[in-house]
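Please read through the structure below; I'll follow up with questions.
Chain nomenclature is as follows: A, B, C and D, assigned in order of appearance, with residue numbering initiated at 1 for each chain independently.
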Amino acid sequence: MAMVCLSDFEAYAKKYLPKIAWDYFAAGADDCTTRDENILAYKRIRFRPRVLRDVSVMDTGTKILGSEISFPVGIAPTGFHQLAWPDGEKSTARAARAMNTCYIASTYSTCTLEEISAAAPGGLRWFQLYIHRNRAASQQLVRRAEALGFRGLVLTADLPYTGKRRDDVRNGFRLPPHMKVKNLEGAFEVCKMSPLDPSVTWNDIYWLRSLTRLPIIIKGILTREDAELAVRHGVQGIIVSNHGGRQLDEGPATIDALVEVVEAVRGRVEVYVDGGIRKGSDVLKALALGAKCVFIGRPALWGLAYKGEEGLQDVLRILQDEFRLSMALAGCASVSEIGQHLVQLSKL
Amino acid sequence: MAMVCLSDFEAYAKKYLPKIAWDYFAAGADDCTTRDENILAYKRIRFRPRVLRDVSVMDTGTKILGSEISFPVGIAPTGFHQLAWPDGEKSTARAARAMNTCYIASTYSTCTLEEISAAAPGGLRWFQLYIHRNRAASQQLVRRAEALGFRGLVLTADLPYTGKRRDDVRNGFRLPPHMKVKNLEGAFEVCKMSPLDPSVTWNDIYWLRSLTRLPIIIKGILTREDAELAVRHGVQGIIVSNHGGRQLDEGPATIDALVEVVEAVRGRVEVYVDGGIRKGSDVLKALALGAKCVFIGRPALWGLAYKGEEGLQDVLRILQDEFRLSMALAGCASVSEIGQHLVQLSKL
Amino acid sequence: MAMVCLSDFEAYAKKYLPKIAWDYFAAGADDCTTRDENILAYKRIRFRPRVLRDVSVMDTGTKILGSEISFPVGIAPTGFHQLAWPDGEKSTARAARAMNTCYIASTYSTCTLEEISAAAPGGLRWFQLYIHRNRAASQQLVRRAEALGFRGLVLTADLPYTGKRRDDVRNGFRLPPHMKVKNLEGAFEVCKMSPLDPSVTWNDIYWLRSLTRLPIIIKGILTREDAELAVRHGVQGIIVSNHGGRQLDEGPATIDALVEVVEAVRGRVEVYVDGGIRKGSDVLKALALGAKCVFIGRPALWGLAYKGEEGLQDVLRILQDEFRLSMALAGCASVSEIGQHLVQLSKL
Amino acid sequence: MAMVCLSDFEAYAKKYLPKIAWDYFAAGADDCTTRDENILAYKRIRFRPRVLRDVSVMDTGTKILGSEISFPVGIAPTGFHQLAWPDGEKSTARAARAMNTCYIASTYSTCTLEEISAAAPGGLRWFQLYIHRNRAASQQLVRRAEALGFRGLVLTADLPYTGKRRDDVRNGFRLPPHMKVKNLEGAFEVCKMSPLDPSVTWNDIYWLRSLTRLPIIIKGILTREDAELAVRHGVQGIIVSNHGGRQLDEGPATIDALVEVVEAVRGRVEVYVDGGIRKGSDVLKALALGAKCVFIGRPALWGLAYKGEEGLQDVLRILQDEFRLSMALAGCASVSEIGQHLVQLSKL
């Protein structure tokens, strides 16, 4: 079976993953409208390709928060990579480093931060965290990540409670007994409630700021109002995200929200986007609309499910190749030439 | 079979109800365009969710016409509940009281108002009526409802004649011989025509007003012009409704009409909406667009069909849970925080 | 099989007519886009129904060119009724008279004008004609129609050549040997070309005017420009028509073109519409948008195919009943109360 | 099997061509969105047909760059005609001459320019070229074409690299060993890279201009900006094209881009369009929107696949007949009467 595009990896993962794992990764909230809209919204955007520009020397490289990456596609934080591949997040870390891009490790990893670091020393990594009821646990995680050389903290803002994912409810989803959310082991024994704190507000950004010198990136912003608040509270980056459509169903597609957020931010901080990226040309669209970089969630898991580190590299390489080709066919030789003139938003 | 969302109840009811009963409940007028549009129109509305707001203490409670309810979802008036469950409207009344919400009992109940009252003393109930050719019969019903502690009168305005529901015609729909429209027994013996009076006009609101001190809620308004007339004729509430798409096909979806009606009413009376509510997030959308409360029709019948009082409670509990979660994920801890800023109407 | 709505008759005709006849009646030009759009365009129009208006006494009657009809649905000119029912146009004439409405007999009838007249003396009928290369033949037809008491001449303007109907080409469609275009027998022996004259222009209206005192109705207008020309050339009525989508594919749906034509005509002549009428509510929409009457083509043929005169009466009666009910549910007791306020054109 | 419209030829070719050849001709880039949009965009355009105009004498003829053609449909440059029919481009040339229209021979022909010329002496032909890394090879091709009487040079601007056509990757597409890109034989022996030069810019137009007195037509323009640049760099014609949707997916449909390009060009050079033409009425739409002529790609190959020269003539004849009929039904007797008033662009 030739792996030509990302949907080949999706088909493979759907066929070979245990149903409960596939369902968990594929799940969207409620009717899955937003999950699917993330993809459809890209298809409504039309390019305005330019011709006869010298595209003989192509450069897909860019920087995020000062770090160079070889192309503007990173790995979004998703949990439980051992559900996709035995080595779990260690494979993810190795693939990201091999492709010279950024990997955002999730709090809900099935490997510890220490294992992830050791697996791919020197790789560019950010750490995703929630603020827990037990603030000491969060503080400890931040300190560990900083000590291990993670270069950014990604605060997830859109999960005060977990969205309703019907298939997970039907399947009674839980981790198999041999897998653990290792980063949190021991931290929550006294707590029978969900460890996440739904009372978190913007002021907690200040608390987080007080713990660390790492840049703070806030993930889950969908409106201009919250983008403005994020900038005012001193974050260094924003990830426009709807959690892959797994939280509030029938919110906006992220590529649609990106336009609003970029306009509000006016270049004061870097803006990224995740959700719905399936082709290199989607990356080009996101950058044309102001994203500095995109992050992929499910496609990374499909790559892992296919062949672990190697499969994820395949996925990233396909995206890089497609992105480079799309740039060239649109008339851009480097990322700096990409701009809003390349796209026409649907009049819809 | 896990009952996770309302469509699970729908599937159950479709499978286990007698076809003639399912068809009667499911029926829409003509091509069923409006029936289906009621649902589709919700899907076209996008949330603008806000993050990092303290949603640790959630309150879904509200008031309608001064009465407290635990969440803004009541039971719309639908007929013939014994077609769905042997105890019929008695079960409905008990479930609504158990969930602390409002039940609008239909004139076309298969239990008497007295039986309904006795089944769930103290529950919040409104009574739905038509104005009959035999006004004395209508008057008697109003007096009975008022005496029994019903706290509102819901006048249905959109049924001068019954809509054309093709499946009912094909099935030759009629109540089975052991069921009766008990509230009307004896009242219409001299009348071979339909008992409903198609000559009713706005002036009859004054007549109704003269019979009772109960608040009058008018059901079936879809335009700003009629909303203005309703306010001028002194009603206390308006239910934006197209009778579940069972009357004039190809009228507007109720959630679309709600916007127009709310704008016209300018807060002078309470506005409610029914039709197409299938998820807690639909409730949130309706409230964001100005509804004080929504009412469910068919989903209540599916709940009854599943397990009577208990099944209807399941339906209501799912809606409350989903509504609470949607509120939290949109950044609202209480109903008073819900406003139009939460939604983006489709540019379609 | 209960015949509840027009699609029941369509299904019957599709099942029981010879394929070559069904295909001929069903045919649209090229991809059949306009044929189907005629129907879809009605579905995009939303009613704005009004309530609490006295609709106890309903009157569906109206007048066209001074003649009373019991409801605003006439029979559009279609050819070859014997393909649908042995008695052909004689049955059509009888059904139209029985229902007290107008029948536009086609030049391409399989009965003579004389037979049609004799079958239903006193019925309201118009005669549809083309202008032939052999003007004497056209003149003779006009004189015969006038002498037989036809009360209007409908000039078809959109058929300088026959549209490309793929199925007819594939089927090699032609009339069975025992059927004849009787009105034209003998008239075209010298003419091997198509008898229709593609050189006809607006000036020929003057020629036609000179032949007869009958009102002239022009059929096939789709633009404001041609509507203005029609008025200036002295016609008495306009039928907005695209020939059932059988001529130029991808022209406008007739209900969409109606709006433009009515606006241009500004009440100077009566405007009618055909194409896509499948429900009584479609009639209400057409009248709300300014049509004085609608004409049905294919549905009349389905009625004939079902049971001849009786079947066509069934079709007409269903349309009248549905129209009356739609009027009542929209708040109109008579045709004079119908107006543009009843509809909302799609923002699409 | 009656060959009534172009989709009959498509069905034939799909059935009888080797899968690898069918896939190659049918291929679009990535998700094939633009390939399919080329067709769908035509369907969104509505005619505004005019009636009662003298269309008894029809003339479909026009001129392109001063050369008369019998109707405004030429053959777009496509490669590898021997994959469709043994005689390859020789058959194409003969069919184009027989129908008195223009054939743009591709550099990637499986016959030499000399063979093509010899097959149909005197036919109107343009030559399509890419600019190669080896400029001497390009120069030689230009000189050969000019010497052989080709009357225009079509420079393809949208292929600095080949688009990603998934099926070709899966199939490992390559020419069968007995076919050759004969025009290039010997020219690229030293070159292992793709022979096409991705460093080509607008300045290379001047270089091309210096080689030849033939008119230069640039193919692959989709924006007003590039249209303006093309005019400024002295080309004689523009072909609005997205390479049949085979290069950058999710660019605009060509008929949509045509409107923008025609507006920018303001009549300074001739504008043509290819992509998505499947019916004579599509040709009428393109001309109404300002194209001087259209070119067909895949339909020509289907015609070849059906019966070589004869099959392609069938395709062209059907298009001419349909175009003539559409013109007449829209009220135009000659190409000069076609204008933008004939169409209504979708409000979408």
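Criterion: a contact is a pair of C-beta atoms (placed from the backbone, for glycine too) under 8 Å apart; a residue touches a chain by one contact, two chains touch by 3 or more.
These figures come from a predicted structure and were not determined experimentally.
Shared contact partners of chain C and chain D, listed by label: none present. Superposition angle, chain A onto chain B, using Cα atoms only: 90 degrees, a multiple of 5 between 0 and 180. Residues touching across the chain B-chain C interface largely differ between the two copies, under half of the numbers being common to both.
Of all chains, the one whose mean C-alpha position sits at the greatest distance from that of chain D is B. Computed centre separation for the pair chain B/chain C is 43 angstrom, with centres defined by C-alpha atoms. Centroids built from CA atoms put chain D at 60 Å from chain B.
In chain C, the residues that touch at least two other chains are 348.
Contact topology of the protein chains: cyclic, one closed ring where each chain has exactly two touching partners.
Interface of chain A with chain D (complex): residues 2, 4-5, 43, 45-56, 279, 281, 285, 322, 325-326, 328-330, 344, 347-348. Residues 30-31, 33, 157-158, 160-161, 163-164, 166, 169-170, 197-202, 204-205, 220-223, 225-226, 229, 242, 247-252, 348 of chain C touch chain D in their complex.
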